[in-house]
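Heads up, the thing below is written out as structure tokens.
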């Protein structure tokens, strides 16, 4: 078995270590900037040589609305990604399981619509939400609800594609036998299909969450008041052209802290990703 | 599946009733302000959408619609509608200097030309309604001239002296109450800003206008005359005639007033794009690099992501969670932040990369090093995404098929190539296409790192690492103002190209989709 | 005429004497002031300015019982302001450098502010000229900024008389291992026209011709003239000498000087907080000129308050911008938060007494070139910067200048 270890396990560790090293280089740099007492980019090297300090952290929380941004982002990205996953799972089921007129063209359109440059759509978004805000102030500019709605507009896009691909791998005999058992389409979806695709739901959820944590263009248009901002908007402001250097340390702390919820969500979802039930269930 | 008990339909019905009641409640909530405002078109839309929702969910048929409706409604409102609105701007000159309509432009021109009458006094201004206890109606200006201590009232007819006996003033001399008028509080004054700032009491030399809570005598040196559709400048005597095709006022000698308006220019933006040699020339080379960038980005991220996913796809590998977390980290960090960090690392003199590797490469200074650099960064950013997807996909593979292959004596690599990869591709092809589409337009990956560098001297507008979208952005935003119309036209063109490519690749997925059917 | 600055105390007790009234009947008087802010004024600015404005404006708002919210917009402030204003979703006030005026005016986003003669007289005339566009005053400037040369007096005790001398000293220090670079000047891979301009001007180049009233003429583009090539040759020389490097971005120039890695720094007053914190001994002088060249005039910029033409609280906004921003009190506070020379003459002379640096910056800006506010200027930045970056990296000067001039002329002509 010893000799076998290299072929079964050794290469896995080798790939893993190389990939991790690749991943970590810039991140180590960010960590070292975050701890750099000088707080500037030019004085930062890969490994901290100026000693350690937590000043950047205190300054970040004391000098900006960082805590508030953090909370806002969690609420907005959390709500929007859960809702968005639900919507795209529904759509993916329809695209995978039903054959209807205009199905493929709709799928293609879903993809294409995502490709339109967003910086051009800003004007239109202003136009729409000025109207919306006039009648329903709760959904207008400077509201989270408005922003979440815009995010949900994109929910059907990439996520549906992703999930549909996986739904397609589930044998249709599954549905057929359930139908014979008298299950309705809704029951098939909620009780049979969904549990089987938990890994992919978890992954798509994570991707959607990350996407929304990072989203910047719409958020900066919607949320202008400092206490309303999301992390992406607040952090970008910190490195806005001229200001870049002075706040680099703070910015790096912010960047690292931003990664925490994502990693947390990933750890939480890991078990669903890893313990996919598919293999066993298909045998029926 | 027969082990599962037959499912009862009662709970489903309950959910349906609950959801539909929420929809009804939302509809009523949405309709109320529309009814108040008399916005009947909006109301019509709300009613129609509500009716559609009820029809789809109550009808025993329309199965796909039941699943597609929520997403589709959101998609239409917040994605398709903005795109359609944007597309309509491609046949206009919408952009800086041509934002509003003609009336806006005329108002702006006249307002910008208001000059204070030399030597005229400043007044303390109180805005008021004519009549006691009025809250609306005829607007008048109650003025105090601090120098002479005169009190005046101005309406649309002109100025008249005011009897000081009926007035109450504050220590500064500003009128706070007047017999026969209802003086506005500052808050009311502010709330009626639009009307007040648009109002002028005609005088011999011009008009008394407000500025803040003061008033001054000003005269607009530019006036619009409808009969000739022109603007006359009283100072210079220039006559600017409206050019309704291009959306601005212009003199015979070609002098233009800056404030123009939005007009329909037909296909001008498209012809400009296709006939301008400066734009057409570099287009092919940008397009080729753009294709290469997108293809390589997808390929590199996919290969690396899949490799990592395969490596970690083993029950007994030690430290698996740690590996996975560390691999996902690049994706968890805010991408714009990391792009900026990478850019700094590539700095030729001060960057970390040259220091670490002992190189003196001017990364973004040479075509191919710059291209390699942006691809490296993009791979770093994107591979965790592919890693996650592939991990999920590997988990979802039917294990019996794999076991069967192993029993058949296939080696690891054969099994991968013959069984695992084809199965993975079923699930992942759509995703690879969408990833291609995303990278084709990956604005940030270029803009925040190489910024399009290097640029040849002769054409400082086209960089060797420019994508079509960064190039369009530069065309649109770096002239003498933002030109949305032109940018929309160019985007439409690019969009068409991407659509065709994606459409063709998509057509090939039909077969794969049916693998399990 | 009441003194506008006195109304700084509006909301608090007004000490102004009652206006004398003629005529037979006398109006009744009340103790309550007629003006009293209510509602919330929204101010948009970029993140950097928001940070220094916020505490000052907040203090002012609290003292006067009004509400003002300063919002920092992270990106595309200009376009977002214009687009939002157009839809009536914009702020009441915008704070930015004056060079946006041309574009804001052509979009009808701001309107002239009729300042009184006294208000105008209280301002630095250069600043007033900067915010005057097509003969109208479009905003109230509160602070000025221009480049100067800061040197580390431990490393370079004497102020260099010429650029050549500065480069020579820098090179000597570098060869001796005392510093890492000849000069700290932010360039970046896209070049930096703002920082290159004094050198370009000293070498005989110009941007736009001016008419008798000082208005810029976009048809007279200095970059298209033969002098521009000569001027860029000088920039190329600076590149050869290692005094200008495209690799030196905003993240390097100031910190390297602050850390003593360079002896000279070309920068504006915004760097002062960082330099003072570093605790090095320094002096501020005007940027020297090339030997036998023209003066190295920097751009003069101003930080300016604009009233949005479609703001919700336009009356309050006009009052705030015209009456309060022009006052010495607020100008002093803004100066304390961000040490850029105040536009208000009274505040500036008060600040100069307590802070010699400020006076030195003002002296360095004398005779400077007011940053053009015409919309055509937007078409200049990128091509000029590209040419700047190209020549200091050793590319062919003539081709670079011609490429830039062509690109600008095409953009302006279109």
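Think of it as A, B and C in the order they're written, each chain with its own count starting at 1.
The rule we apply is simple: contacts are C-beta pairs under 8 Å (C-beta built on N, C-alpha and C of every residue); 3 or more make two chains touch, one makes a residue touch a chain.
All figures in this text were calculated on a predicted structure; none of them were measured in a lab.
S.K.: Comparing centres built from CA atoms, which chain ends up most distant from subunit A?
M.R.: C
S.K.: Could you tell me between which two chains the number of C-beta pairs in contact is largest?
M.R.: A-B
S.K.: Any idea how many Å lie between the Cα centroids of subunit B and subunit C?
M.R.: Chain centroid spacing, subunit B to subunit C, equals 29 Å.
S.K.: Subunit A to subunit B: how many Å between their CA centres?
M.R.: 20
S.K.: Using mean C-alpha positions as chain centres, tell me how far subunit A is from subunit C in Å, no decimals.
M.R.: 40
S.K.: Which residues does subunit A have that touch at least 2 chains other than itself?
M.R.: Residues 41-42, 123, 127, 216, 236 of subunit A each touch two or more of the other chains.
S.K.: Touching at least two other chains at once: which residues of subunit C meet that condition?
M.R.: Subunit C, residues with two or more chain partners: 86, 251-252.
S.K.: Which residues does subunit B have that touch at least 2 chains other than itself?
M.R.: In subunit B, the residues touching two or more other chains are 344, 350.
S.K.: Within their complex, state which residues of subunit A touch subunit C.
M.R.: So the residues of subunit A touching subunit C come out as 38, 40-43, 122-123, 126-127, 129-130, 133, 141, 216, 220-221, 224-226, 233-234, 236-238, 240-246, 248.
S.K.: Report the residues of subunit B in contact with subunit C in the complex, numbered from low to high.
M.R.: 96-97, 99-100, 104-105, 107-108, 111-116, 121-122, 124, 126, 144, 146-151, 163-176, 185-187, 189-190, 193-194, 196-197, 210-214, 216, 218, 258-260, 278, 344, 347-351, 364-365, 451, 453, 455, 457-461, 474, 477-482
S.K.: Give every residue of subunit B touching subunit A within the complex, in rising order.
M.R.: 1-4, 6-7, 9, 12, 30, 33-34, 37, 39, 42, 63-64, 66-68, 70-72, 74-75, 77-83, 85-86, 89, 94, 304, 307-308, 311-312, 314, 316-317, 319, 321, 323-338, 340-342, 344-345, 350, 352, 355-356, 380, 383-385, 388-389, 391-393, 395-400, 423, 426-431, 433-434, 437-438, 440-441, 443, 469, 472-473, 484, 487-488, 491, 495, 498-499, 502-503, 506, 510, 513, 515-517
S.K.: Quick one: in the complex, what on subunit C touches subunit B?
M.R.: Against subunit B, the touching part of subunit C is residues 1-2, 14, 16-23, 25-39, 79, 82, 86, 102-103, 105-108, 111-114, 116, 134-136, 189-190, 245, 247-249, 251-252, 309, 311-320, 322-323, 375-376, 378-379, 381-383, 386-387, 390, 393, 395-396, 399-400, 402-404, 407, 410-412, 414.
S.K.: Within their complex, state which residues of subunit C touch subunit A.
M.R.: 44, 46-48, 50-51, 69, 71-76, 80, 83-84, 86-89, 91, 250-252, 254-256, 259, 270, 274
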